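Labels run A, B, C, D and E following the written order; every chain starts at residue 1.
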Amino acid sequence: MKALILLSSLGVISLLAEIFSFKKLLYPLVLLGLTVAFVLNIGEWNTNVTYFKMMQFDNYAVAFTSVIIVVAFLWFLMAEGFFKDETNQTDHYSLVLFALVGAVLMVSYTNMTMLFLGIEILSIPMYILAGSKKGDIQSNEAAFKYLIMGAFATGFLLFGITLIYGATGSFSLEEIKNAIATSVSIPAIFYVGVLLMLVGMSFKVSAAPFHFWAPDVYQGAPTMITAFMATIVKTAAMAAFVRLFDTTFLRVEGSWVNVLWVMTALTLLTGNITAVFQTSTKRMLAYSSVAHAGYMLLALLSANSYSSPSILFYTLAYSIGSIATFCIISIIANAKGDDGIHSFNGLAKTNPLLAGVMTIALLSLAGIPPTAGFFAKYFIFTSVFVAGHVGLVLIAIVASLIGVYYYFRIIIAMYFKEGNHEEVPVDMNHKLLLIVIAFAIVALGLFPDSVIRLL
Amino acid sequence: MINLVGLVPLLPLIGFLIIGLFGKSLSKGIVGIIGCGSVLAAFAISLGIFFQLTGQAEKSVTIDLFSWITAGKLSIPFSFLIDPLSSLFLLIITGIGFLIHVYSTGYMSHDEGFSRFFAYLNLFIFFMLLLVLGSNYLIMFVGWEGVGLCSYLLIGFWFKNTAYNNAAKKAFVMNRIGDLGFLLGIILIFVTFGSIGYHDVFEQAKNMASGNPVLTSITLLLFIGAMGKSAQLPLYTWLPDAMAGPTPVSALIHAATMVTAGIYMVARSNILYTLSPIAMETVAIIGICTALFAATIGLAQNDIKKVLAYSTVSQLGYMFLALGVGAYTGAVFHVMTHAFFKALLFLGAGSVIHAMSGEQDIRMMGGLKKHLPITHITFLLGTLAIAGCPPFSGFFSKDEILANAFENNKLLWFLGVLGAAMTTFYMFRLYFLTFKGDFRGTKEQHHHLHESPKSMTIPLVILAILSVIGGFVGIPEVLGGKHFLEEFLKPVFEDSSFRMVHSLSHDTEYILMGIAVVVMAASLYYAYAVYVKNKTLPAAENEELKPVHLMVYKKYWVDEIYENVITKPLNFFSDALHKVVDNQVVDGLVNGVGRVVTWFSGILRYAQTGNIGFYVFVMVIGIVLILCTRIL
Amino acid sequence: MNSAIQVIPLEWYLLLSTVLFTIGVLGVLFRRNAIIIFMSIELMLNAVNLLLVAFSSFLSDSKGQVFVFFIMAVAAAEVAVGLAILMMVYRNTKSSDINTLNKLKW
Amino acid sequence: MITTYLFYLLSFLAIMFGSMVVLSKNPVHSVLYLVLTFFTIAGHYVLLNAQFLAAVHVIVYAGAIMVLFLFVIMLLNLNKETEPHKSIWLKASAAVASGSLLVVLVGSLKGASTIQSTNAFNPNIGLIENLGTTLFRDFLLPFEVSSILLLAAMVGAVMLGKKSIK
Amino acid sequence: MITLLLIFFPLVAALLLLFVKGQQVRNMALGAAIIEFAIVVFALTQYQHGNTTQFEVNYNWINSLGISFHVGMDGISLLMVLLTTFLVPIIILTSFNREYSNPSYFYSLLLAMQFALVGVFVSLDGFLFYIFWELALIPIYFICLLWGGENRARITFKFFVYTLSGSLLMLGGLIYLYLHTSGTHTFNIQALYLAGQSLDMAHQGFVFWAMFMAFAIKMPIFPFHTWQPDTYTVAPTPGTMMLSGIMLKMGTYGVIRWLLPVVPLGVQDWANVAIGLSVIGIVYASCIAIVQKDFKRLIAYSSIAHVGLISAGILSANVQGVQGAMIQMLSHGVNVVGLFFIADIIQKRFNTRDIASLGGIRNLNPQFAVLFLIVLLGSVALPLTNGFIGEFLLLNGVYQFNAWAAAFAGLSVILGAVYMLRSYQSVMLGETNSITTSFPPLSGSEKGVLLILCAAIIGFGVYPKPLLDIAGPSVVKLVDGVRLAMGK
């Protein structure tokens, strides 16, 4: 909660920066603020405070908030240039920070109202930021698509919430849970409500067949925003999803588990298969992010004691891996004016560091040991196994293999193809960031227990 | 002396190592001395062993060297077994081996690969000794394959010649076919008896019922090995081709020693065979068929070494006939005498070839009698011996075989006699065409004709003497002699002896002998009439032959048949396997998976139309489907 | 005057909302004009609002009506942002036809 | 009884106007139909004893949001029937899709009658007093949080709306 | 502690090598590999013969999942580690033949691979085993990708995905077993054995296939082999040697350690099919080897044939089969490295590996011809070479399973001779031709490597006892356990 307040305040403060002209200070201020927020957040570990019966900072919330703040910190480190070049610098800062507020709400809500508001607070800044390259028609298109589809999905989400309200008379997760636990016959509209909420949440995490917006929006949005969407937004949405379905709706598992089974399979396959053909790395990662949503859904689907820790670990591993890849993609795309795979040709010769970190990040995304991504997948597979969905495990294995195919296209391009032998200039702080991330990926891969134990 | 048995194979091995490693820097003389010396020393020790063994009551001594292979209850020591059979073979191998080494110092003196040749020869002796000394089947197999390797190396000794290389390869591969059978036989022995040591196996086998199918399987598998090594039908074709090697090699390996390994093996396993009548019959039938088949081919060959080669195949057939009818002693006896006279004949042939500057076609020879007196005499003695002319060695051994065959089956005997007649004919044909008549070669060859050096003739003489008197160790009782050999080998064949009851009356034996001698004489005369009196010459290369003659001359086209039935189809099959099955089907499937994914990806991405309306549409459809789960 | 919820079965409200909601969906599917699509989404949200109020009355629980306020707030925010984006798009493409926005695909 | 009739009338009007929103060719007409739809919904609110909400609804939707729409339409000069029509197939498939959505929704929403209200009927819950209590006590946090939402939307709209000055 | 040293020394060396510039790096790599070998020799002296696991180290790693860093060596592991550490210095020595670009990366990757391989062979924790298993894949992938030949991107990728697909299935199997461990779930090897053996036959069958696929692909067994000839051909020779000499043994070792004792009933149930595939593969690959034109491809196919026999022997689940497999793994490692090195020597000199276009090399360098011949004889399993011991024991093992399978597998004895002699004849014998005009004498490193290998080939053919003794008791213990579980 303290973190939440701090983040909101930071958002407001950044709006003031324009007026009181301390724009230069803003960047360090935000970084500092995030650090403090992180510390404050950690301070709430094991306190389990509930606020207004609307949100509860249990360990789950604290853990995910930490992940969100850490990733946000890394994101800010990466995205300094994104703010610098903007005329509306302060607006961007505040929008991003507000989005973070939304994300934190989404991981800590205990009431549908907060969920709904969290989603919207996260989404609306994202709609705007996706379109923040105002003159760029692709950016326009991304924002527009995101908005229309998002609003449309919100409609279904709300319909679902309403039906659940109608059936149980409450918006509070706790009360809903009690209601369905005590009810002799649960009204049919409740189930429909659950399914409609499933649709709404699936849209947010871009699960098939509600994923269509994702590749287009990811591609069109400014790379930094794409990175934000792929990491923080996805983490928050996944956390919210789990909080809702693996606790509140667990009792009516029978009504949604089969649907989710099919959707997960579809997501895994569609995301991975479609990514194979992509030539734009950004778009490829967009599809890959759809696929990763599929893996996370696996854990959600299994709904057992492994689910939360595995999703926590997965989001962390996936997010830092994605930050690294997006960072490198943006560096390359800026230097070569193109984010196609061929832009990576010969990178290993000219920029061994970039190539090395990219390789580690891609290996992690592909789930090859000893990287964090491997353990992430491993935990997920374990949880699915425990739940007994062996068929899905097989599909996930096939999907992973396909995944290897497109991740390795980049690796092959970097190490095998001949490039133009011009070194790409890289900022010092980016270098630092990448090295840190590379170490983090390996360290998480070697000592995953530190994170797993949390939940 | 028996304790020194380890030295017997070790000495040639040392010889091989010294010559092999330092041969280049040693003079030919020293190489020759080391090569011959090591074998001579081995021979000396073998003699010692032989006499010690005859002198002592314990007829079977096992010498453990070291534990070789252990795996669970399978435990194979590297150990040697000294008994009459192995000591006899030791003598044959080292003795004849030594003579041939000596001969080789002369024969190969001009060859640049002199030291290599001696290295190989020594290595061969080493392996051959291992083969006969081993106290279990696996050591025998080691020697078995080792001699195969040496045979390969020596056949392809002149490695620049592709035909020779092919012959070498053929020999190795064909032997390997047999070896596989042998190996499987060994494994079956282990599986059955839990051991592969001769002693353990035979002790257990003794108590088994005759006709036990396992024994039949074992013996047949072992016999496949023997068929390969001893060039029996249908695995004999490598042996005539093996004549590509230098002539001493043909004498040593492809006549006197290695090819008789099969006989040794069957004789060694006599108890197993005795207890499996089916296997015995098979051995006998294959033996006699080979004997006749090879003899017919021998009738029409023009290459001096080819004739001898087919003769060897034929004689090996006789030995198997002997084994098949239970005349184990007879077989070993024939091995011994055959070693003498066939080595002699080959060395004689080598001497002829040496004199003819490498010419091997008998149509180009003739009248060599006066140019090569020693060779001529010794060759004649060898010919008489092989023809079975009394009292030369071949007479006794062949007689024993035929008598036993008669006892067993009259038809076998008849065929045996027929084969003997053919043997006489082709051998004398060879002799007459080579030594009698006029010289038919070129002027140059004629000019060059000379008797071979001492190093070559002395072995010839010694072998000739052995060919003449060699038979006396086994004079049958009917002729008032004492069959020393039988006495000596008795401990080895003791357990099988119930099969070897002599029931022939003396009269019958006399008649049989008489018939054999008469047939031999008739055949000899016929050959004389054709080749000396009428001076008929074999048809020239381009001459048209009568069908039967052509068939025999072309060796029944067996090589061609094998080529077309096995080699070519195998190549074709492999090629198809490679190009179609492996590249198209198996790999195609693997790549196909990748291609399907890529193709599917290409298709699937078109679902991503970029059109919001479509996205919403799919979303709605998705929701409809999801809600359907509620109403269905 | 009685509250309608006392005389009208809840199903009717459910049905009415569903129909209105579906009309909104139809609008999104049917039209290419972005403005109309936005309006259709507003219609969907209103259908939800109506249902919430009906439930609220039925259950005699004011939370449902409070929730409507939040929906209104969000709807207002979305519309504001949406129209801003639409303006931006229009500036670049001179069209409010959603079909012109299909550069991002495949 | 009058309530019942009013319900039917308002429902009919709501559906009709709603359909007209979707079907009218002129965007301006659509906006006006939508305003009418909102009024009918407000009528429903009144019937449901949610008077305060009805008032807010009219003010916010009809008064604010729809004006915004009209404003944009006028600004962008979209008041003509310029919209290119979707092909008949697309329209048909859209109709089929939403038709089936309706069918499955209705089909799966059967059985609302099993819902039991635990509270006694209270006609006053829609009154401003009740709502205020709930909003500022139970829903204080969301209320505060929604300020962030509105602030973000405002900032965003302004940012996107203003011309970029370099 | 020795085990830890064995595992991590190469890793440390690999990391240090990254910072060394220039070609001298190879000497340092060689030094590191030799030190590693020395450590193993030291371990051998400390090893108490018997069937116990020694040098055991067990640290907690991922407590919450029952994963520990548990390593140790019994005879089987020790023998595999011995093979690895023996071959790696040799492989590094063979690389002296060529100058590789970025040598520090090259050698670093080689040593990193050694790290993973040793890890695979000493792991006593299922998860750890899997991690090392996968770790081994990455360095070799990059070795092939960076220094390989034509078409390497496609081929190595296929290799990578193919192997990965197998290992993912294995992971599935391991997780399944893990979830069936009693009490707190753990990946401890003994617990996994118990878990696997407690399953019924049908479920053991599933686990069998899940795990066997990984091993079958790695070895590779027909029909999962098609990545192999391409990869062997395209990889730089040291990479090929690592692949064929050591990495392939991961599969066979896996079957011994992680398949037989884990799902004995599954093995029993499916042995027919698995051995059938192995045996078909033997003849299949041998036949294909006959018609190969590229020498490296020929060796590659011959390797499939050899490994098919090893696999069949292991799956026969008797002492002779498994013991034979142990020996044959070593022999095959030595022989195949020798053969690939010979191919490399020839290619370096004549720039071709086309068998048909070579010839008469023996005329140019008899010494080389002899060394080649010895390696070849080892490969065709002539008695008194190392190959024979293994082949005999393996055939023996297979025979006990099924006589016809053994007979069919035995065809490799014949076909092996056919293709090996054919290629030897074509390459070495006959007259020299326009390509084989001159043969620069063998360099010191070349001669050294070949001599060491030949010494090993003959030495262990004549006196294999030390090797058999290392693994023997452990093999007997393992197989007895398995047979007990099978009810035999």
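Simple rule for what comes next: a contact is a pair of C-beta atoms (placed from the backbone, for glycine too) under 8 Å apart; a residue touches a chain by one contact, two chains touch by 3 or more.
What you see is a predicted model, and the numbers here were worked out from it, not measured in a lab.
Student: Provide the labels of all chains in contact with subunit B and in contact with subunit E.
Tutor: The common neighbours are A.
Student: Note down the smallest number of touching-chain steps it takes to go from subunit C to subunit E.
Tutor: 2
Student: Using mean Cα positions as chain centres, tell me which chain lies farthest from subunit A.
Tutor: Result for the farthest chain: B.
Student: Of all chains present, which has the mean Cα position farthest from that of subunit E?
Tutor: When every chain centre is compared against subunit E, the largest gap points to D.
Student: Can you identify the chain nearest the overall CA centroid, using each chain's own CA centroid?
Tutor: E
Student: Which two chains are joined by the greatest number of C-beta pairs in contact?
Tutor: Going pair by pair, the biggest contact count turns up for C-D.
Student: What is the distance, in whole Å, between the centres of subunit A and subunit C, each centre taken as the mean of its C-alpha atoms?
Tutor: Computed value for the inter-centroid distance: 27 Å.
Student: Using mean C-alpha positions as chain centres, tell me how far subunit D is from subunit E in Å, no decimals.
Tutor: 71
Student: Report the inter-centroid distance (CA atoms only) between subunit B and subunit C in whole Å.
Tutor: Distance between chain centres: 97 Å.
Student: Could you tell me the distance, in whole angstrom, between the mean C-alpha positions of subunit A and subunit B?
Tutor: Spacing between the chain centres: roughly 78 Å.
Student: Would you mind listing the residues of subunit B that make contact with two or more other chains?
Tutor: Where subunit B meets two or more other chains at a single residue, that happens at 594, 605, 608, 610, 612-613, 616-617, 620-621, 623, 627, 630.
Student: Which residues belonging to subunit A are in contact with no fewer than two other chains?
Tutor: 113, 117, 120, 124, 127-128, 131, 134-135, 144-145, 148, 152, 163, 166, 169, 188-189, 191-192, 215-216, 405
Student: In subunit C, which residues are in touch with two or more of the other chains?
Tutor: Within subunit C, the residues that touch at least two other chains are 10, 14, 21, 24-25, 28-29, 32, 38, 58-59, 61, 63, 70, 74, 77-78, 81, 84-86, 88, 98-99, 101-105.
Student: According to the definition already given, which pairs of chains are in contact?
Tutor: A-B, A-C, A-D, A-E, B-C, B-D, B-E, C-D
Student: Under the touch definition given earlier, write down the residues of subunit A that touch subunit D in their complex.
Tutor: Those residues of subunit A that touch subunit D are 8, 11-12, 15, 51-55, 87-88, 91-92, 94-95, 98-99, 101-102, 105, 111, 113-114, 117, 120-121, 124-125, 127-128, 131-132, 134-135, 163, 166-167, 169, 185, 187-189, 191-192.
Student: Can you name the residues of subunit B that touch subunit A in the complex?
Tutor: Spelled out, the residues of subunit B in touch with subunit A are 594, 597-598, 600-602, 604-605, 607-608, 610, 612, 614-616, 618-619, 621-623, 626-627, 629-630.
Student: Provide the residue numbers of subunit C that touch subunit A in the complex, in ascending order.
Tutor: Counting only subunit C, the residues touching subunit A are 10, 14, 21, 24-25, 28, 34, 37-38, 41, 44-45, 47-48, 51-52, 55, 58-59, 61, 63-64, 67, 70-71, 74, 77-78, 81-82, 84-86, 88-89, 91-93, 98, 101-105.
Student: What residues on subunit E touch subunit B, complex-wise?
Tutor: Touching subunit B: residues 158, 161-162, 222-223, 225-227, 284, 287-288, 290-292, 318-320, 323-324, 360, 362-363, 377, 382-384, 388-389, 392-393, 395-396, 399-400, 403, 406-407, 410-411, 413-414, 417-418, 421-422, 425, 428-431, 463-465, 468-469, 472, 475-476, 479 of subunit E.
Student: What part of subunit A is in contact with subunit E in the complex they form?
Tutor: Listed in rising order, the residues are 309, 363, 368-370, 374, 378-379, 381-382, 385-386, 393-394, 397, 400-401, 404-405, 408, 411-412, 415-417, 447-449, 452-453.
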